[in-house]
Structure formats: C-alpha cells, structure tokens
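Common to both upcoming complexes is chain A, partnered first by chain B, then by chain C.
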Partner chain A sequence: MQQNAVELCTILVRDTYGELSSRVVAILLEYGRSALHTIVRRVKIPEKIVKQTLVVLIQQHLVLHYTHDDGGRDTTYYQCNWLQIYELLHSGRIVRTIEERFGTDAASIVSNFLLLGHAKVSDFIAAYGISTKAKPNGTLPNESTISASEATGTAPITSAVQISKHIVTLMQEKFLIPVQLHHMHPTIDTENAIRQKVTNEQTGITAAMQTKMKKAIDEKVAERMESLSTELDNRNFGLKRKSDQQEGRPRKRTKISSAQGSEEEEWEIDGTIVLRVNNAKFLAIFRNEELVRWVESRIGKVTSIVYAELLRHMENKTTDHRTENGLVEVGKKPVVSTLDVGNTLSKDIDLVNSIASGLPVTNGGSHKRHMVNGGSDHFDEAEDSEGDSDDYDLDADVEEADTGVNGKHELSSAAQEKKEQLQNIRKHLALLAEDSNRFVTKHDGSMQYGGWTVDTERLCKLLRTRELEQIIEERFGGIATRLVRIIKDRGKMDEKGLADTALLRQKDIRAHLGALHERGFIHIQEVPKTAERLPARTFYFFYFDEKMSKMAMLNDFYKSMSRIMQRIDHEREVNTMLLSKAERTDVKGHEEELLTKKELADLAKWKRAEEKLVGQLMRIDRQVMMFRDW
Partner chain B sequence: MAFRGGRGGGFRGGRGGSSNGGPLMPREFDVKPDFGPTEQFPDYTIPFQDPLTPTERIHIARFRDHREKIHSGPLYTVLGKRKGLENPFEDVVTYSAKKYHRQKRKVPKLDSRPYVLEFFPVELWETMDSSYAPGTDRSVVINGKREKKRLLISSLNTALPNGGLHNGDQSDGSDDDEEKEKKSVLAKLMSHKDEDDDGLSDGNAEAEEDDEAEDEGEEEDDYQDDEDGDYNAEQYFDDGDGDVDYGDDDGGGGGAWYD
Partner chain C sequence: MSDLQAVARTVYDACIPNHQKLYTSNELLAHIPKRDPQILLETVNELLGRGYLKTLKQGDTFVYRFVTKEAVDRTRALTSDEALVFQHIESSAREGIWTKTLKTRTNLHPTVLTRCLKTLEHQRYIKAIKSVKYPTRKIYMLADLTPTIEVTGGPWFTDAELDADFINALLVAVERFVASRSFPKQKPGNNLGTIIPFEAGYTGYPTLSDITQWVKNSNLTEVDLSEADIKALLDVLIFDGKLERVIGGTAFKAIRKIEGAVKQGFTEAPCGRCPVFDLCHEDGPINAANCVYFEKWLAEI
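And then the complex of A and B:
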C-alpha cells in the first residue's frame, strides 16, 4: 500500500466518520495489523473509546479482525481494509445506480445498508416500521419514510412485503450479498486457519512426510477457499423457496434474462441472514458504464445503448470477484443472444436511422468475415436483409422460437416488427464487433440471431492503454507518447535505436526520455559491456513496465485526491461561520428569510465550489478504478 | 535521471560516428545540467475543469447527501479542541449554539442498534452491549433488550441537483446555474427539515427522546472521563452561561457576526 493511499484513506475516513475513527485508521494503516493494546498505546486515546471506534469501523467493514487462539490466550488483531475505505467515495454513485435501475425504494434500501454497514434482514425490515408478522401498529413508525418521500414526490414503501421483494431482487442480482464470518477476517487468516485444519486432518503423518504432502495440502486449501466464495455465487443463496399456500396463488415474477426454470418461482429471504452491499458488483457496473461511454464516443449513441443492454445481460450472468489484480470473472464467459437484447431493449429507440445504410453495411459484412472466423450464416443474412430468401430463413427462426409451427409467411405484424428490431440490433452489434477494438465477439453457436461475448479483460487493457497514452500526451506532449508507444511495441531499446525508429534525432528525444523516466513511466536497465561498469561502456536500455507505471500513476492519483479533499476542508474552514449558521436548526429550511443576501450568495458559492471539487474527485476516481480495479 | 540517460546516449552517438577501436575517451556531455536555483513559481498553465455533466452532478448530490446522513447519524465524531487551545472569542459556548447547533458527538453512539455479535471479536462485545459485561446473565438480558433496539433508517433524498430535470436538456449556462444551485440547496435543506420534524412527530418519538437522553448522559460521562483536570474551563463558562443570559444578545445580534 502506498503512502499517498494511506493519506487519502485517512482523510476519507475523517471526512465520513469523523476524527476519532480517522485517528484509529491512521494508526492501523501506518503500523499494520495490531492488537488492541498496541492501538491504544499508539493512538493515545482511552481504551474504552478506542473499542467503541473499532466497533464502528468493523461494522462498516473498514477494519477486519482475527482472533488467534494461541494456547488458551486469545489475541485479537485488527487490520485495516483500505480498499473498503476507498469505496466510501462510491456511495453516491451506488445509490444513484440503484435508483436508475430499480427506483427510489430500492435505492433507499441500498442507501440504508450502506449507512448500516451490514444488518440482519429481520432487523432491517422491522426497522422500516413493519415487522414481518405485520403488527397492527406497523405503519406508524414508518411515517418518516412516507412524508419524506412525499416531499420529493415518490411513492413510499408501505409494507414489509414490498421491502422484502426489493431485497430479494437486489440479492438475486447480487447487489446485496450475505455476510459470512470469513468476510470479517483478513483473507490470509482464513487461509491459514483452513490450512491448519487440513494439516490436522492428515493424522499420523511425520514431519518428513508432511513436506511431501505439501502440494496436496495446498490444493486442498485452495479448493476450500474457492468453495467459500462459490457458495455465494449461487443465485439464490440465502433465499428460500416460497411456498405457494402463503400467497394464495403463485404469482409469476416478470424476470428478464436467463432461461432457467427457477426464474418463475417465488423466493423469500431467510430472515436470519445478514446482508451488505456488494461493492464488487458495482465496480463491474462502473466498468461497463465506462465501456459504454467509450463506444458512444467511438461509434455512436444508439449503438452504445444497444451495447449497454448487452452488457447488462452479461453482468446478470456473471459474478465478479475482487482480487488483488482487480476484478476477476468467475466461470466461463457468458453468451448473450441477440434475442435477449431485443427482449429488453426499449422499443422507442430508433435503431434504423442511426446506421448509415447501403454501402457501409455491406462493406462491413465482407470485412466481418475476416474478423469473426466465418461460419456465421445468420450474420450474412442480416447484412443484406433485403433479399427474399433471407426472409425465408429468418422467418423460420422466429417460428421455431415462438410456436414451432410451420407457417413461414403468415407472420403477424408484431412478429414482423420484432424480427426487424432483432435484425437492426444485430446490425449494431456487428458494428461493435467490426470495430478494431472488438467491443463484442461473435459466439460460434447455434443461437438464434447469433450470440455474443464480451472480453472485458482485454477491453479494459485497451482502455488503460488509451488512458495512459492520453495522460502522457497531456503531460509530456506528442513526441513522448510516440516514444512510449515505440518502447512498448519493441520492448527494450537503447537511445540510438529509439531515435532511429522514431525518426528523430537523439538530441531531441533525450529530454523527453529523461522526463518520462523521472515520472516513472519508462525505466532504464543498465547493461555493462565490461567488468568495470564504466558509464561510458554501458548500454542503457529503456523499457516500459506496465505494472510499475501503473503504480506510479496511482500514486499520483491518490495524492491529487488527498489534495482535493484537503482543499475542500480548507474551503470549509474559511466558511465556518457561514456554514454553522446555515446549519442551525432554526435556520435550516428558512434560509431565505434568515440569511442576508450576501450570506445566501456565499452559501451558494461554497456549495458550487465543493461540487466542483467533489466532481474532480469523482473524475480521478474513475481513473483509479480503471488502473486498479478493472 | 535525465542526466544519466543523456550520458549513455552521448556515448552511443559517439560510436555511431567514429569507426571502431581506439581507447575510449570520455566524451563531452551534450546535456548541460543547470544546477542554478529554479524559479519559485514557474509559469504554469492552469488546467480548467470541464463543466460537470448532469449525471455527475446527481452522483455528487447523492454523495453529499449520504455523507450528510452519516454525519447526522450516531457514528460521526468530532473531537473538540484541546483544552486551552480554544479561541476565546469564537469557541465560547453560547446559548444559541447550544440550542440550535447540531450536537457534536465526541464518541460514537453504539447502543442504538442491534448488532450481529458473531461478526465482532469477543473483546468488543462488552462495548457493544453492556449486558456482556462480566458477571451478567447474558441470554435473558439480550432477549429483553433486543426488542427495543431498532436500526436507524433514513429516507432517501431523491431531489435532482438540476432543478428536477433528469436529462441535460436545458443549457448549463452559468447565469441560471446559480439560481438552480440555490434552488437545489433549498430543496435539500427543506427535505432535511421534513425528516427532522417527522422524527419528532412519529411513533418513535419516545424512543428517540430516550436515546437523546442517553446520549447526553454519555457525553457528560466523557467529559468526566477524559478531562479530569482540576480546572475545567468549559465548566466555568457553562456555569457562567447559566447565570447570565447571553441568549438574547446572541440571538438578536447574531447577524453581525457573520457579516
């Protein structure tokens, strides 16, 4: 963990949970894993208060803990989970994402889970003012929810049924995940505990044999670690099937995606389960949003909408796990069919007029065949959909899906419309596949209208490269970018070779190379020709190490983020008087009567300034995610 | 570093020019390092921020709102200034400050919600739930206590920062920006007001008052805990505040402070 990241995390915690928490976090980050008494000694705060603070931090998952059971004397160690601290920045975006997808009620649930850290479902539902058993006085405490949402003009959550329905949906889509004990422990401790257990199971093994068994044990440990997380990947983990008698009649949930039979069953939550917000899921969503934005700037608005829809299907089918190396998709790549996209895509989108018809499309068709190793009959039909013979085939497709009856030319207008829509969607997807970045890849299979996969890993790599080059361009200019690209392409190069390849004089590139090296974007390897290691008799090879430049850049990002937060603090300091007046309980809501004109103007100015600074923070956050998480 | 790169390059160039062989002469460096003092504030083109998009503004509004909620919640703490470091003019506890300002919490308030104790190390259980203090019978007390505790649920503020319009259809001109901003600020503050009011009027009122009372008690405790100096300046001022009623003065003349 880098020093600047430590600073940023400390500031973030101070900004969110106050000074006490930030001091404990600072100590934990600075000294690493510590026991309670060590923390107390270092932070110089009474033990009672440190304990209270630790409770807060653990509740919010910002601190992990593990109790070692060594010889009857238990020692608990605390460790900071700094990536979770960083997630504090995403709260706004998380709430907004849910709001856009599931409406305000679900967003309010997620927002509350964020506030609470984790919570037992039964407690949570009860806290909304309604017990699961529907007490008569259930609605009363809920008033605050009602009137507050009335103020902003949204429908309130009125019943426990509604809440649990929202929670079930959120759980199935993995926005909320059950917390288990091992989530509260550092991974390494969990692994050690499992290893201990596995080793103990191999009874009667001498020390000599143990070394032999090491490999087998390692495998077993890895397997068990895996099983810890795969359990959570099950779509309906923590849910139980609802019996039909309860509801009177089984209602069918209108669920999109996935052809599993279980979709039509009702699920309800196990009240004893503890839930929290799944940050990895949101990281995946943010990544997809970024990809969509890229497509929009490269191809066009409508295509990006189609792409967004495709990615949304994709994200329902995969679970991403957060690891040291960013998000890792679990399992095999999911395939999304054009039909899936068509089923959920809004009908209002004008798919037809957004692609230039005629020449580009047919051109694309022939071009396409190189890209996606042929064999895609469906594809070619889509490209020139005017022909009658093509209609014939496509009709058959639709028929197969809908009824399975042979009635080729008796399509209703709705089916016709649907068919056209699908063809158009396919055109857009083809456009994406043809792009040199290959935003989608055609899946070879017998899927109707074709299936598609997205190689997010590769795309993110491209995204990173693009961003990196942009940053270098901005900072060091075009020549430096050119040099970096050459070095990346050719591997290790000395200055002469570099100058030759770049078609520039050595004199001209030297300054650029120096600047790039200084900022950690390129690195030098020295290869002496003689044993004396004279500088004059040494080769200096420049090379590009993605990991190292990534670190250098992340460090810069963290630093500028801390500076922005500090700037906000400073601005707040400058305006203390005004802000404390505006926050007075009697002034709140009556600003216009009680504040002077100047104060109102100043208040607005402060709000705007903070907004701009926070906005910049979010923009850097985007880059941090790009380089660290995706 | 740049310097070293240059040196290597100098040599390479040399070999390219002259033919092989010959004892290697130290060549002149073609990069002349400048060791003189650099300008303190060199010219620098300040980058300008692109205007925030409507989506970004919504994200920011939600972020601020969320932070605000945490700040008004039980977990946010503000450490007071150290004894003797207060500003004698501004940090005096006044009547209006006591009455109208949000109470600052010095320690997080933990006993307001139920916990999942298994997720916490045993040594913290006592802190979270006083019934875990050594020597108490656990199971009975917990069951008695659990009923009372509720998670603190707050409603979501869904006001949009740009005057309620979802998309960026309207121009983000700077002139009406201010107007919008003002509106949104007010809207935001208004909604907070609502929440406050409801908090008092709803069925939970008693419970909350209880909490409030506990809270105050707790804070007093802390004063005793942390600052057991002989001379308690704050206490002194507090008492003075009680005797002489500054309240009216401050309430009336408060405006002058902020101008």
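And then the complex of A and C:
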C-alpha cells in the first residue's frame, strides 16, 4: 500500500462518511492492524465514539476485524480494507451497469445495498420505501449518478414481491452475494486459523517431521482457502441447504419449490440471509467493457459487438476472484461456442459488410501484381466476388462445418439465414483470433461452428502495456515511446545500441532517456569495465521493469486522484454561499426565479467544473483498475 | 621514361595498358627476350627501384603490379617523408588511417607529419574523411577512393551524421505504403467513414521484399537501400506502434488509427503532466487548492 493510496482512501472516506470515520481510517491505514485501545490512543477520540465509528466502517466492509482467542484473553484487531474503500469510487459505475442490464428498479436496489454495505434481506425489504428517503444521503464522489437513479428508482417499486424478484435475479447473476464470515476477516487471519486447524489435525508430529509436513500443510491450507470462495461460487441453488448447516452463519438459502429443472421465478429468497454487492463481478464487467472498446478501435464496431456478446457469455460461465494481484479466474477456462453468440446476438447487426474479403490472393499471380501497379484492380476483383464469399473457407479447421452447408441447399430459408449468420459471426471471431493480440483463442473441440476461449489475464497485460505506452507518448513524446518499446523488446541495451536500433542520434535520445529514467519508467544498470568503476569506463544499460513502472504509475494515479478530489472540495468551498443558497429547499427547482443572473452563471460554471473533475476522476479510476485490479 | 633501359621499357609499355592486372613472374617472362630469367631479374629490379612496379603477395607467390606514369611522377615529386606518409595512407586503402596511427607507424615528428599531410592534401593526393565510429578522429585516405560502409555508416549517414530528415521522410513513406495495402478500398456505397478490416486469413499484406521493391521503384531516394535497411525502418515503425507483423512475422500491416478515439485520461488532467507533481502536497506550498494548472484547465471548458 502506497502513501498516496492512503491519502486517497482517507479523502474518500471523509467525503462519504465524514471526518470522524476518516480519522479512524487514517490511523488504521497509517499504523496497520491495531487493537481498539491503540486506535483510541492514536486517534485521540473517546472510546465510545471510536467504537461507533468502527461499527459503521465494519458494516460497510471498510474495516475488517478478527478476534484472537489465545489463553482466554481475547483481543480483537481491526484492519482497514483499503481496496474496499477504493470501491467507493465505483458506485456510480456499478449502479449504471445494473441500470443498463436490469432497469432502474434493480439499480435502486443495488445502490441501496451499496449505501448500506450489507443488509439482511428481510430488513431490506421491510424498510424499502421508507428508508430510501431517511437514509443518510452520502455525498459519494459520483453523487449525481446515484441520486439520479434513486429518484427514479424509489417510486415504481411497490411490492415486496417485486423487490425479492429483483434480488433473486441479481443473486443468480452473482451481482449480490451472501456475506460470509470470512468476508469480515482479514485474509491472513482466515488463513492462519485454517492453518492452525490443519496443523492440529496432524496429531503426533515430531519437530523433525514438521518441516517435511510443511509442504503438505501448505497445500492443504491453500486448498481450503480456495474452497472458502469457490464454495460460494459453485453453490447451486439446490445445494445450498446442505452447506448452510455448517457454520451457523446466516447464508443464502433458497427454497426449492419444485424439483429438478425448475424455472428461475420459482426460486425464493430467504429473508434471514445477509447480502452485499459483489465488487469482483463488477470489476470483471468493467474489464470486459474495456476489452470491447479496445477491439472496437483495433478492428471495428461490428466485431466489437460480437466480442461483447462473447464476453457476456463468458462472464456468466466464470467467476472471478479478487486477489492482491488482481482478478483471478477460478477453474477451467470456459468455452463459448459460436452458436451461443449467434443465439443472443441481435439480428439487426450488419455482419457481412463489415469485413472485406481478400480472396484473389489465392489465385496466384495477384500477389505480385498488386505490389507492382497498385492494388486497384486487385480490390475490384475482391468486391466482385463479395457476393459468394461465404463459400470460401477462412481456416482449414472450420472446413468440416462448411462442407455440410454446401451439401444441403434445400434448407428452409430461416435455417439458411441462421447458418449464414453463424458463419458471419465465425468470420468476426476468426478475425479476433487472428489479431496479434489474440482476443480470442480457438478451442479445439468438436463444437459445431467452433468454440472460443478468452485469455483475459494475458489480454489485460497487453492492455496495460498499451496504456503505459500511451501515457509515455503523451508525456514524453513519440521518440521516448519508441525507445521504451525497443528496450522492452530487446532487453538491456546501452545508449549506442538504442540509437542504432531507433535510427536516431545518440545525443538526440539522451535527453529522452534521462526524462524516462527520472520518472521511473526505465532503469539503469551500471557495468564497470575496470575495477576502478570510472564513469567513463562503465557501460550503462537501460532496462524496463514492468512491475516497477506499474507501481510508479499507480502511485501517480492515486496522487492525481487525491488532488482532483481536493480540488472538488476547493471548488465547493469557494462557492459555499452560492451552493447553500441553491440547495435551500425553497430555491431548489425554482433556481431560475430566485437566483440572480450572476449566481446562475456561477452555478453553471461550478457545475461544469465539478463535472469535468469528476469525469477526470473516473477516467483515472479506469486506469487504476487496469493497472491494479485486472 | 628515359631513365629506363630498353628492355625494362618494352616490358613496361607492354603491360601498362592493363595496369590493374596482377602479373606473376612467368607472365612477365613472356616479354623478356629469350625468356632469360637473369634479364627478368635485372629488369624487375630496375623497375622496382624506380617505382614503376610494386610487389604484392598473393598466397605464397609474389605478384607484380605496374604503376602508371602519373602516379610515378607524383611520388617522385614528393620528399622522402611525404612519400613515406603517402605509402602508409595508400596501404590503408578504403578504411583510411588515423593520424595517430600514422605517427606511430612513420615515426615522424608531429610537425613534419602535419606538414606532409598538408602538402599531400593540397595536391589532392589524399583527403580527410569522417568516421561514424570515431567522429573525433582525423582520418586520411587516398583522394580517389570511396570510404567503406564501416566508415560512412551506411545509407542512413550523410557526412558521418545520421540523416534524421531523410530517415523520417522514408518512415512516413513506408508507413503510408503499408497502410494503403492493409485495408480494403472503401466501397462507393459505404459512407460510414469507418475502415473495415480484411477477413481473417487474408494474405495480401506486403512483405519485406514487396516493400523494398516499392521503395526502389518509387524514386524516393537515389541511395541504394537493401532489404536489411528497409527492415531497420520497419522495425522502427513497429516500435513506434504504427505497424505490426502479421502472418507469422513475414508480412506487415498498419495498425488502425481512429480519429477522436478515447484516450487515456491521466495525462489530460493537469496532474498527469504537472512539472511540480512531486512537490505537490496537501499542506504544502503547492496544493490542489492553489494550483494554477487546475485553474487554467477548468477555465478551458
């Protein structure tokens, strides 16, 4: 955790939950895991108030706690969950995503869960409609988004049935998950507890054997840690009851009203379980959105739509877990077939005219021709044969599917249409697979029309690289980007080698290298030629360290975000008078009549400034996710 | 030529039209009356002594080369020091010789050496060249020779300096060429303004030899560029993120450029390009509230 991240988290908590909470959080972040009395001493606030604050923070999952029961004297330690604090920034995105997918009602439910941290379903349903107004309307950084959806969301929900229906849907899609005991504890404590348990199980071990056993124990601990979370993901609705009896914690429990193969609507929700928002799921969604955007810029709009559809299927088949190193996919890579994509893809998308066929290459001479006298005739030819391009195979490996098509021309027109659509989708997917970034990978299986997998981890790495290069380009210019890419590609290089590869003069690149080195994008290794280590007799090799650059970048991001939030505060402060007037209940809605011309202008100006700042904050947030979470 | 004996003169006259050729002693013997080895010996000695002939070693045998009359006159006019210097410079051929090496080899006093070089250069016998490898060294070679690639640095160098304008112009041209081959021509009906890609498996992207050929035929430059040179250019374009390798690295394709695409946000905000970012601190003299860059940025809505 970096200093700048601490600052940002403190600001976030202050903006959302007030000064008191932020002070406690600041202390926890600064000193790390502490017991209550230590916090009280450091924060210099009465114990009672600190306790109240901690309750709020725990309710919001911002603080984790764990009680050690050693020797009868229990001590509870508190630890800040700073990643969860950062998630406060995402509330706007989360609500928007839900709104897009499930409508405003679901969005308002999710936004309420976000505000509450976690809530028991029965309480939530009972309080609905009354509590939405009474709730502390937190000044979240993206307040505007939330209040907007809240305003629209409060009215239409009328019955508890409706709410629970929405909640069931959200749970099935894993947007809401039941809170488990280990959600409230620091990971390391959970792991230690399990380790303790596992070690105790291995009775009668001598000290000599212990080292031997260590590996076995480690494996077992890792396994159990994994099962903690997979338990949640893999749990089907039917299986739930069984595992519920284990720990006596309230959990998701749904009654099966009919036996196997029951419809979704028949699931019912148990009022006693406690739900929270599943942030990891949203991170995965944001990641997929980013990948789609990338495809759009690299290949084209239509292909990106196909890709989005593919990723949507992928998303339903996997669960991502959030770890320190970002999102980790659990289990096997899911395979999505072309058929799946075809089933859900909108029919209105023009799949055909978004790819040009490059057929003439196969008939020999054209290759030479087009390089001698320009490609015009060559392309004309391509257009001529556009109509029957479906008969041409893209890859050898899809041939079997095609031969079937050519054989049966008497298919009904609807089936024929479907077939054509699938073939076109496959073309787009093949394009994605062929791209140098390999957006999809062909799955070797017997699926008709082919199955596809996506290596998100690798793609995100590439995405990061691309982003980093863009940042370098904007900051240091094209030559610096060229140099960084050469260093990355070739490994360690001295100035001369760099200059030769980059086709630039040594004296021209020196300044760029210096600037890059200063900001921590590249690093230098010195290799002395002689024992004296004279600077003149030393090789200087430049190298690129992705991890270090990533950390340096994140640190800058956090700092920049803190500054933006401070600036938002500053802008508010400057306009306090105006804003308090504008927010008066009698003025609200009648601004035109009650405010002077200057005030209106100032208000508009302030709004624009705030929008710009918040927009910028979200753009950097996207980059933080890219560098840290994905 | 009057200084030569009749026999030597005949041999010289017979061989001089072909003075680039290397003669073995057997070939010379053909011009000697009665093919008498004794006379050959005398003649060769005479010619060598007067500088009309040079001995060279080819493998294990000695060969001879005739020197043109002008060259002989030239060397004859030189002082002995100058001749010595000239000889060394001549022996360095197209590589050229560094003045410092010349000094150690000839063992002449620096002032003498400088004088010799001056006169030789003045008479256009030798010229000073610049080496890419050692830009500070003063290097001499015979005036009528062209320096080797190691000395000049290849096609990218003009006067031992990397010709940045030339390279940039070529880069732009090559990029345009590859881009024109990477995407299909827009159909007349398609006025969406978007570039559509070729389908997967398309193999019409230009290869290295295609591009080299195009550069050769395009009259872009008189400099002869080999495939290796073009590859260096393409590598730079790849490092610039303008091209990428396709079809197993054998062909090249331009990367699609989007007008007005969403860029990363960090450097667009003041902080991303703030010169005093490291000094910025909440309670410090530079902070978010009094930041002039924010002020400016927010004003330009």
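Note that the second predicted complex is superposed on the first by the 505 of 630 C-alpha atoms of A that agree within 3 Å, B and C clash if a C-alpha of one lies under 4 Å from a C-alpha of the other, contacts with A are read in each partner's own complex, and residues count from 1 in each chain.
Everything below uses one rule, namely that contacts are C-beta pairs under 8 Å (C-beta built on N, C-alpha and C of every residue); 3 or more make two chains touch, one makes a residue touch a chain.
This one's a predicted model, so the numbers in the text were calculated from it and none came from an experiment.
**Student:** May I ask you to decide whether A:Thr338 touches chain B, chain C, both, or neither, giving the answer as first, second, both or neither?
**Tutor:** neither
**Student:** Residues of chain A touched by chain B versus by chain C: which partner has the larger set?
**Tutor:** Of the two chains, more chain A residues are contacted by B.
**Student:** Just chain B (first), just chain C (second), both, or neither: which does A:Gln172 touch?
**Tutor:** neither
**Student:** A:Ala119 contacts which: chain B (first), chain C (second), both, neither?
**Tutor:** First partner only, chain B.
**Student:** Scan A:Asn278 for contacts with chain B and chain C and give back first, second, both or neither.
**Tutor:** So A:Asn278 meets neither chain B nor chain C here.
**Student:** Give one of first, second, both or neither to describe whether A:Ala609 is in contact with chain B, with chain C, with both, or with none.
**Tutor:** Second partner only.
**Student:** A:Thr53 contacts which: chain B (first), chain C (second), both, neither?
**Tutor:** Touch partner of A:Thr53: chain B, not chain C.
**Student:** After lining up the shared chain so the two structures overlap, which partner does A:Pro535 touch, if you call chain B first and chain C second: first, second, both or neither?
**Tutor:** It touches chain B, and chain C stays clear.
**Student:** Pick out the shared contact residues on chain A: the ones touching chain B in one complex and chain C in the other.
**Tutor:** In chain A, positions 608, 612, 616, 618-619 sit in both the chain B and chain C interfaces.
**Student:** Considering only the defined contacts, which chain C positions touch chain A in the complex?
**Tutor:** Result: residues 156, 161-162, 164, 167, 180-181, 183-185, 187, 190, 194-204, 206, 210, 213-214, 217, 232-233, 235-236, 239-241, 244-246, 255-256, 258, 261-269, 271-273, 277, 280, 282, 287-289, 291, 294, 297-298, 301 of chain C touch chain A.
**Student:** Write out the stretch or stretches of chain A touching chain C in their complex.
**Tutor:** Listed in rising order, the residues of chain A that touch chain C are 7, 293, 297-301, 303, 353-358, 360-361, 366-367, 370-372, 375-376, 378-379, 382-383, 389, 394-395, 427, 430-431, 433-434, 436, 467, 469-471, 474-475, 478, 481-482, 485-486, 489, 499, 501-505, 508, 556-557, 559-560, 562-564, 566-567, 570-571, 573, 605, 608-609, 612-613, 616, 618-620, 622-623.
**Student:** Can you list the residues on chain A that touch chain B in the complex?
**Tutor:** Checking each residue of chain A against chain B gives 15-21, 36, 46, 48-49, 51-56, 58-60, 65, 67, 74, 76, 89, 91-93, 95-96, 99, 104, 107-108, 111-112, 114-116, 118-120, 123-124, 126-129, 137, 140-141, 143-145, 147-149, 151-152, 154, 179, 181, 184, 274, 494-496, 506-507, 510-511, 513-515, 517-518, 524, 534-540, 542, 577-578, 580-589, 591-592, 596, 598-600, 603-604, 607-608, 610-612, 614-616, 618-619.
**Student:** Which bits of chain B are touching chain A when the two form their complex?
**Tutor:** Against chain A, chain B makes touches at 1-9, 11-13, 16, 24, 26-27, 30-31, 49, 52, 56-67, 69-71, 73, 75-79, 96, 100-102, 105-108, 110, 113-116, 118-124, 127-128, 150-159, 161, 177-178, 181-182, 185-186, 189-196, 198-199, 201-204, 222, 225-226, 254-255, 257-259.
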